[in-house]
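Common to both upcoming complexes is chain A, partnered first by chain B, then by chain C.
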Partner chain A sequence: MQTKAFFLQALTPVHPGTGQVSGSVIDLPVAREAATGFPLIPASSLKGVLRDGRADEAANKVFGSLEQMGELTLTDARLLLLPVRSYAGTFALITCPLVLQRWQRDAEALGLSSKLSQPSITGEEALAGSAIQYNNQVILEDIDLKVKGSSEALAKAISGLLFGKEEPDLMERLALVSNDVFSYFCQTGLEVIARVRLESASKTVASGALWYEEAIPAEAVFSSFALAKDAAHFAELHRRPYLQIGGEASVGRGLLRVLGGV
Partner chain B sequence: MPQTRNQKDMKRALELVSSLEQADPELKRIYGGLCHSFPVMVLQSGLCQAVAFSADKASGEGPRARAHQKLLEHLGAILEVEGDLLAHLHEAPTTAYMHHTRRVLEAWVYFKRFAKSVLKVEAGGDDEGR
Partner chain C sequence: MPERVLEIQALTPQFWRDGRPFSAADGTETAAQSLPLPLPITVAGFVRTQIGLAQKVNWGNYQFLRSLHGLPIYGPLLARREEIVLPAPRDALVYQKEGHNKIMRLQPFRPVGGCNLPNGLMPLRVSEDVKPQPGYSLWRQTDMEQWLLGETTLPEPMAGLPSEQRIHVAMDPSKGKAREGQLFSASYRALEQVQDGQYIPYTLRARAALPEGHQPQLLGFLGGESRPVALRVREELSRYWWDCPKSIQEAFAGLAKGQLIRMVLATPALFEDGWKPGWLKKPGEQHLPRGLAKVRLRLVAAAVGRREPVSGWSLRNNRPKPVRWMVPAGSVYFFELLEGDPSAVLESWLRPVSDSEQDRKDGFGLALWGVGSYAD
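Our next item is the complex of A and B:
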């Protein structure tokens, strides 16, 4: 079995919906992992979009058919980097030790030799890039974190995985925050979009027709793994320059580009 | 047998929202609208800013001020904070502040539901966020 790690970068906000959920103050929330509450793109959404309705023999072989299982396996795309509004540098791309540890564990389990450095951080501290520091602090929305050190080594490793080279934007913006702070922003740092339905005659909001939708913000990066008997099947991941995943496609949500090649 | 946090939140929210069932219709309508809009404001602006907004509106007279007073009172009940909620939030360490934010978001699911079922106020009323 061949394995490939790949990444998806959101070019516009992404809404991998779950339908209406009664346990949220948001009417249409995004899909989340049960244990961590981190947003994710289900593998089934990813696979459906990569296949894009093809039913020819070649597509059946790679993606499967009623008679036979496909030869390409995809995992859920987990959140790797979350953009969060920053006082300095406009926005930071945050990640946390738990996210890095899980990626490394999974990569090793699937036989990949790629490594991500595993710095630790706890409490109200952060490792940060140069663009997002202000007065030795990283000020993210309403949370202030003390800069404990540079995120350069980690940014270099992640840049290598995503772009195959050092990417200046990521080098300057990356912040490693504690698991608790990451978790907090996964709940409170997503986009909340108000939608309404208008009465066609009066063009006023119909009674009770206001609802709120959640979206993972543009610039977020997700990580996923692909497994296949034949490495040629990985070409399916890069068949198009971008993918549209999740709901609200007609209002521009869910455009992602595929990155990485380890 | 101890109860789950959800059970306790639901019971508390039902008691607090029902306490306004016989209130002045205008107060009820504005408070019900706030039940829908307040958690969204927390998500968009943060707990401190959302509470500061209500504290400002609560300082006047009339049904709108009273609706905001009730909201602040009910927030205090859920967060188990007596006295000045805004001052308490200002002084809370980051970890406690993050915890309070998530507690409010969790509990306000029930305030939204009961605003609709008990007070008969739908989302999208013209008083949301004012």
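Our next item is the complex of A and C:
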């Protein structure tokens, strides 16, 4: 079995919906993992988009049919980097030890040689890049974190996996925060968009036509793994320069580009 | 053939179907549920497939398939980090009283005036009319050991694996919307959990005697929807499995005739007589589960859960397997020792006690043994 790690970078906010009525103030929340509460793109969404409605023999071989199992398997795309508003540097790209630990564990299980360092961070401290530091603090939304050190080494490793080189934007903006802080922003720090539908004649909001929807912000990065009988099937990941995943496509949501090639 | 522990690590939430009809046809269910844990035969089939794949076998070779099918695979046990956790024993009842969780031990008793249970079976005494408290479906190995020794301590609360429901649609690419009638939901089981801010990974373990030099293929698909998992071979059996603790061996060494022995099922079992082990009526016969030919036991009472179905698809015969009814994991049997060395039953510690040899090879009915007593 051949394996490959790849990444998806959100070019616009992504809305992988839950398909269920929400009990909260947000009418259309994004899908989250039951175990951690982190947002995710289910593998089934990713696979459907990559297949793109093709049902010819070649597509059936790679993606499967009712008679035959597909030869390409994808794992759920899990959140790796989440953009959060920062007092300095506009926004930070945050990650946490749990995210890195899970990625490393899965990469090892799949026999991949890539290594991400596993620095630890707890409480209200952070390892941070230069652009997001202010007075030895990282101020994310309403949370102030004390800078414990530089995130340079980690940024270098992640940047290498994603871009194959040092990407200045990531090098400057990466912050490693504690699992609890990351979890807090996964619950409360996503984009919430209020939408209305107008009556075409009067140009006023139609009665009952106000709803709130949630989206994972642009610049977020997801990590996923692909398994295939034949490494040639991995070319499917790069067939198009970008993918559209999740709901609200006609209002520009869910454009992502595929990165990485470990 | 040395026995080794095989450890299964999930790479995505898993989908272990409960076997209810589920398809796009009209009138069938549109929601598929996952079992709390995979069936023993699912894990056995997976491991055998991985061994076959590693050997690059011809899957059309009937002889080879038969020999692969005969390979005993004992599992699955769930491991929480590195510790084995087991389905709660059904002779334990956790309930709430005055704001505190308490535990009640259900024990056999002789009702005044008798009762109408067959063959001298006794009912179990429920000392208080209470409602079971949820959240205790899995027990830690250490709590289980205490319980098997007859101690009545409240276990650490542990619910099952988190369930994750996902709604699926089939998209019509020409219209960019969902296809009519193609909406369905499936619930998955995540082998991880965050509890009180702590991340807890789970793995599944199985014990197998692999032929020397044979390694299974390390990546594969377990259960439905081809959800990927990684398989690891753990060489040290005593470290990654749960050997019979010394305390239980000592307790069994001191047992006399007429005293009670408890058998707790760690995986679901298949018996000839439905809920009742068929080997009870064949003392001393050959081909019984390990150690059980050396003792004579009388069934006194049982705490058995509701029957559960097992079926599947036979790839060898290319047709569905008949539905059979399993005794669920956690079921408890109380036996009176009539004859023999009680320690002999410990040879079946976490080994299968189902009646048919093939069911045993598939891992149905891994047993834990403990001491028991009457309520009066």
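The criterion applied here is as follows: the second predicted complex is superposed on the first by the 258 of 262 C-alpha atoms of A that agree within 3 Å, B and C clash if a C-alpha of one lies under 4 Å from a C-alpha of the other, contacts with A are read in each partner's own complex, and residues count from 1 in each chain.
One rule holds for everything that comes next: contacts are C-beta pairs under 8 Å (C-beta built on N, C-alpha and C of every residue); 3 or more make two chains touch, one makes a residue touch a chain.
Predicted, not measured: the structure shown is a model, and the values here were computed from it.
After superposition on chain A, the partners chain B and chain C are accommodated together without colliding.
In the superposed model, A:T3 makes contact with chain C only, not with chain B. In the superposed pair of complexes, A:D180 makes contact with chain B and with chain C alike.
Contact with neither chain B nor chain C is seen for A:A235 once the two complexes are overlaid on the shared chain. Of the two partner chains placed by superposition, A:A201 touches none, neither chain B nor chain C.
Counting the residues of chain A that each partner touches, chain B and chain C differ, and the larger count belongs to C. By the touch criterion defined above, A:A58 reaches neither chain B nor chain C.
Seen from the Cα centre of chain A, chain B and chain C lie 90° apart once the structures are superposed, a value rounded to the nearest 10. No C-alpha atom of chain B lies closer than 5 Å to any C-alpha atom of chain C in the overlay.
Residues common to the contacts of chain A with chain B and with chain C across the two structures: 180.
Contact residues on chain C toward chain A in their complex (touch as defined above): 9, 11-13, 162-169, 171-174, 176, 183, 185, 188, 190, 192-194, 197, 199, 201, 217-219, 221, 226, 228, 230, 232.
The touching residues of chain B, when paired with chain A in their complex, are 36, 39-40, 42-44, 46-49, 94-95, 97-98, 101-102, 105, 108-109, 112, 122-124, 128. Across the interface of their complex, chain C is touched by residues 1, 3, 18-20, 31, 33-37, 42-44, 48, 52-53, 69-70, 73, 75-76, 98, 101-102, 105-106, 109-111, 179-180, 183, 225, 227, 249-250 of chain A.
Of all residues in chain A, only 22-26, 124, 141-144, 180-181, 184, 187-188, 190, 192, 194, 196, 205, 207-212 touch chain B in the complex they form.
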